[in-house]
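Two complexes come next, and they have one chain in common, subunit A, joined by subunit B in the first and subunit C in the second.
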Partner chain A sequence: MSGVVVLQAAALAVLVAANAPAGGAESHLLAGAAHFRAERYDAALVEFRVAEKLGEPEAAGYAGAALVKLDRFEEAVETFETAGDGGLPLHDYYRALACYGARLYTCADRLLAGLGDRSGPRIAEQARAIRAELAPALAAAPSETTLAWYRARCQARRAEGRAALAAAYCREADALATRAGTTRAADPDGDVTPRNGG
Partner chain B sequence: MRQAPLAALALAAALGPLAASADDETMRAAHEAVREALLERASLPERPPSLPDGDLMAPGARAERERREEASRAAHDRAARHGEQQRARHVGRDRDHGADAGHRSGMHPGDSAGDCRDAAGAVRTREMHGGMEGGHMGGGMDGGHMGGR
Partner chain C sequence: MLAPLLSLALAAMDPCAPVEPLPPDPAAAQAYRAVGDSELAAGARDSAAAAYREALARDPVDAASRAALARLCAARGEDPFQEGLRKLDAEDLAGAARAFEAAFAADGSAPAALLGGIARYELGDDASAERLLRAAEREPAHREEARFYLGLVALRAGDGTRAASLLEGAAANPALASPALDLARLARRDGRLVLSFLAESGWDSNVNLGPGGPEGVAPRSDGTASLSASALWRPRGARGPYLRAGGLWHELARLDAYDLGGVEAAAGWQLRAGNRGAAAEYEYAHRALGGEDYLGAHRLLASGWLRRGRAAVTGSYAVRFESYAGNWSPFSGVLQRAEARASLDATSRLRLGVAYAGARDAADEPVLSFWEHGPRAEARVLLGRARLGVDLGLTFRSYDAFDAALGARRRDTYLDGATFLEVDLADRWIARAGVVGRHALSNVDALSYDQVAPSVAIGYTLGR
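== the complex of A and B ==
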């Protein structure tokens, strides 16, 4: 009898000391990692969401990466927006891809510019390649049609109750408008001609 | 024995920092596994950037896309030319075989796939024997092409 009590006490001690139930967030993170590596992004997304609910805030960024891989860019932007700044270069890279996929090009460019070499040589090289591709598109002054598209999307997403995503589109419109103003101001001779009714 | 729960709590208090440390280590390893997976699968965007009113694609970006498309077309053309040359070689060899068509055994007239296989066989045979003998298959290794001898 005394032996049983001692065993129970030991078990209780271990449980209290461990302070966590079996199969906590880490098991979902590991499962999510395995799915992600195997390109089963929908399954990875589920695991990361569960880990997030179990109290791992960083898992929101992982879910955002899975959404990028699933080409669900707007949801990815929302996820990263609400996840806040994780400070991880890899999160910023995937966040930039989310912005890129949602046509938030100034957002993508800003994030990629901030990466520098923090992310390691491979990601840094990829970031440079994406920025090189973005540069000509961002150098041209956007037309009023383009700006109107971003503003309309901002309004539409806001009407849907997706405030974070709406804000991202509004910021993009503002950033493009600023660039347009800068470009036009820098070229008073009018080399940059408005297109598509702009 | 009533002291057992108290002893357990005391033990837990003693083990607590140790277990928490192990727990942290497990969690850290789990995060590391996820980051490695994310790094491994980090790729470039599949599509070039295009502003919402497609005409606005910057000249540089458009030129780059056109360059890619041109490279793709050129690769396709090269592959097509290569295939054409291969076909022409087969036709030439078939003409050589034409005279001995009646000597073929086990080959249906107009079996063009068979002709190609014969031609390929002839090339292999020629390579093995170091050349043609009398304009026909010399070795007789290719079964149906014994004609001419």
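== the complex of A and C ==
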């Protein structure tokens, strides 16, 4: 198990203990944290989901983290969207990873930028590395084809009844369109012709 | 707390394993069952099994969880898609391809068609790959990924136009846009028929390889201009036979005696199968120096390569039968060269390579015959629409016989370096700036020299 995973799981356990709710949800949160720490993310997800169903509101954020670990990024985005803004740095970090995995790059960048020093040095370092990786892509003006892709995905997810996820894709399209306008205004001589005729 | 955790650790995901009862807790059991249902609906069989097992452990009369587990247990051994994933993880590409094809045949699963197509592409079975990828392309969720690999299949078949079109289609997916557009640009320069032209201008610090040099004169620098053209015809794409022809003219501004012209023609055959390939080629080349006949050479070349993950190894052997004209005729003979090379894609934008080569030139005149060997290292960096290259090489050459004219048996060491920056100006146009240099050391002082030659070039490549 990597040091970062241990650190994350330990932080999760501490957070769970510090915010321990009354009733049976607590034991499921702790069981989920133990599974998460042991990298049994399927089992961790089940425990977090059960805790959520038994009335623990913060469990959704932990379930989102487990979904990220299982590479189920769109479900993780949905889970974080419905969980609301918990304000926990660990949740924000995993929420950013979920956005990144679902190709919601401005969402990921915004969340990582908001982490600041709240998350501790190791996660802050990882956040900086991901933001550096995203920077060139976000600096370039997105093509019309790219914007159309996000809008199409928004419509497709809405048609599937996944409103929260659809909204995330629509917000991404809007954010990219705003960036495109800003980039082109700053570089009036730049090539604004869609590269794929889109 | 510990007991259920240990139990889960041992058999949490196995839907067929016996379920150890826990103290009854109907409320928790109901929550686990609901989670199992939602996980199963999401296609997550492992977590669904874990949830149903927990439900059943807390409520042994939960018929719904028992039935769901039984279905998962029955399906476990019959799920070719999961089997394909396991084989993919184990790098058993052929096994994975068969399993994904079975999954696709069973239920028309688009993910199975996509993964099966990719596995078949990696195995070099392009016909099967195209059939599966076409099926995956019909599913909107996988359309761009399928088009990306269909583009690679077309590229390998030498159909540059179709490859470019498919790769541009794949670029609609933002995650694929960068590699797809880069490959589309390359595809427009590829095809069954490829025509290339390059115009170059530069400067050579030491045309006559002084001080000393063969003529015993001081170094003489000069401006250079070159034109070269080549044509490649591959009627069956990247596999099968090919014909190649080319010509070059390298002119110096003042030192006309060193003007070099040449033509060459080659015929070869390439074999490719999955992650390995081989090629054999015959080439005839003719060169003129200073406007006079200089060299005619027949060359046979064999090479092979093997790729595994991000690493590749290549081996090559060439033998060239050289016939020099006029005063150069003592240099005539047989040149043999072998090289082993290993390269690694260190990142998606950085390729590193090392090689070791050995050569034997058996010239008609023994004092001109030599052995040489030495290592090379190279780096290639992709910088958006530009490519940066750096090469370094060290060669140790030892001549066969004592040269009475030099008063020594000659031994040379060459340190070679080259770097270039190549920029895509447009789909078929490139600009290139580079510099090559050599530091030559010899036990015969008059044959030691330094040479630097910077140049700029513009090139055009058309693929059809």
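Convention: the second predicted complex is superposed on the first by the 170 of 198 C-alpha atoms of A that agree within 3 Å, B and C clash if a C-alpha of one lies under 4 Å from a C-alpha of the other, contacts with A are read in each partner's own complex, and residues count from 1 in each chain.
By definition in this document, a contact is a pair of C-beta atoms (placed from the backbone, for glycine too) under 8 Å apart; a residue touches a chain by one contact, two chains touch by 3 or more.
Please read all numbers here as calculations on a predicted model, not as lab measurements.
Looking at the shared chain after the overlay, A:A156 reaches subunit C, while subunit B stays out of its contact range.
Contacts of A:R49 after superposition on the shared chain: subunit C is touched, whereas subunit B is not. Once chain A of one complex is fitted onto chain A of the other, the partner contacts of A:A164 are absent, as it touches neither subunit B nor subunit C.
The larger set of touched subunit A residues comes from B, when the choice is between subunit B and subunit C. Once chain A of one complex is fitted onto chain A of the other, the partner contacts of A:R103 extend to both subunit B and subunit C.
In the overlay built on the shared chain, the residue A:T146 is in contact with subunit B and with subunit C.
Looking at the shared chain after the overlay, A:A113 reaches neither subunit B nor subunit C.
By the touch criterion stated above, A:A65 is placed in contact with subunit B alone, subunit C being left untouched. Once the two complexes are laid over each other on the shared chain, residue contacts for A:R37 go to subunit B alone; subunit C is not touched. In the superposed model, A:Q126 makes contact with subunit B only, not with subunit C. Taken together, the two complexes place residues 27, 30, 34, 103, 105, 137, 142-143, 145-146, 149-150, 195-196 of subunit A in contact with subunit B and also with subunit C. Contact residues of subunit C toward subunit A in the complex are 1, 4-5, 8-9, 12-13, 25, 27-28, 31-32, 34-36, 38-39, 42, 44, 46-47, 50-51, 54, 140, 168, 171-175, 177-178, 181. Residues 1-2, 5-6, 8-10, 12-14, 16-20, 25-27, 29-30, 32-34, 36-37, 39, 44, 48, 56, 58-59, 62, 65, 69, 88, 90, 93-94, 97, 100-101, 103, 105, 120, 122-123, 126, 129-130, 133-140, 142-143, 145-146, 149-150, 195-196 of subunit A touch subunit B in their complex. On the side of subunit B, the complex with subunit A involves touching residues 1, 4-5, 7-9, 11-12, 15-16, 18-20, 23, 26-27, 29-31, 33-45, 48-53, 55-61, 64.
Within the complex formed with subunit C, the residues of subunit A that make contact are 24, 27-28, 30-31, 34-35, 38, 40, 42-43, 45-46, 49-50, 53-54, 70, 72, 75, 103, 105, 137, 142-143, 145-146, 148-150, 156, 195-196, 198.
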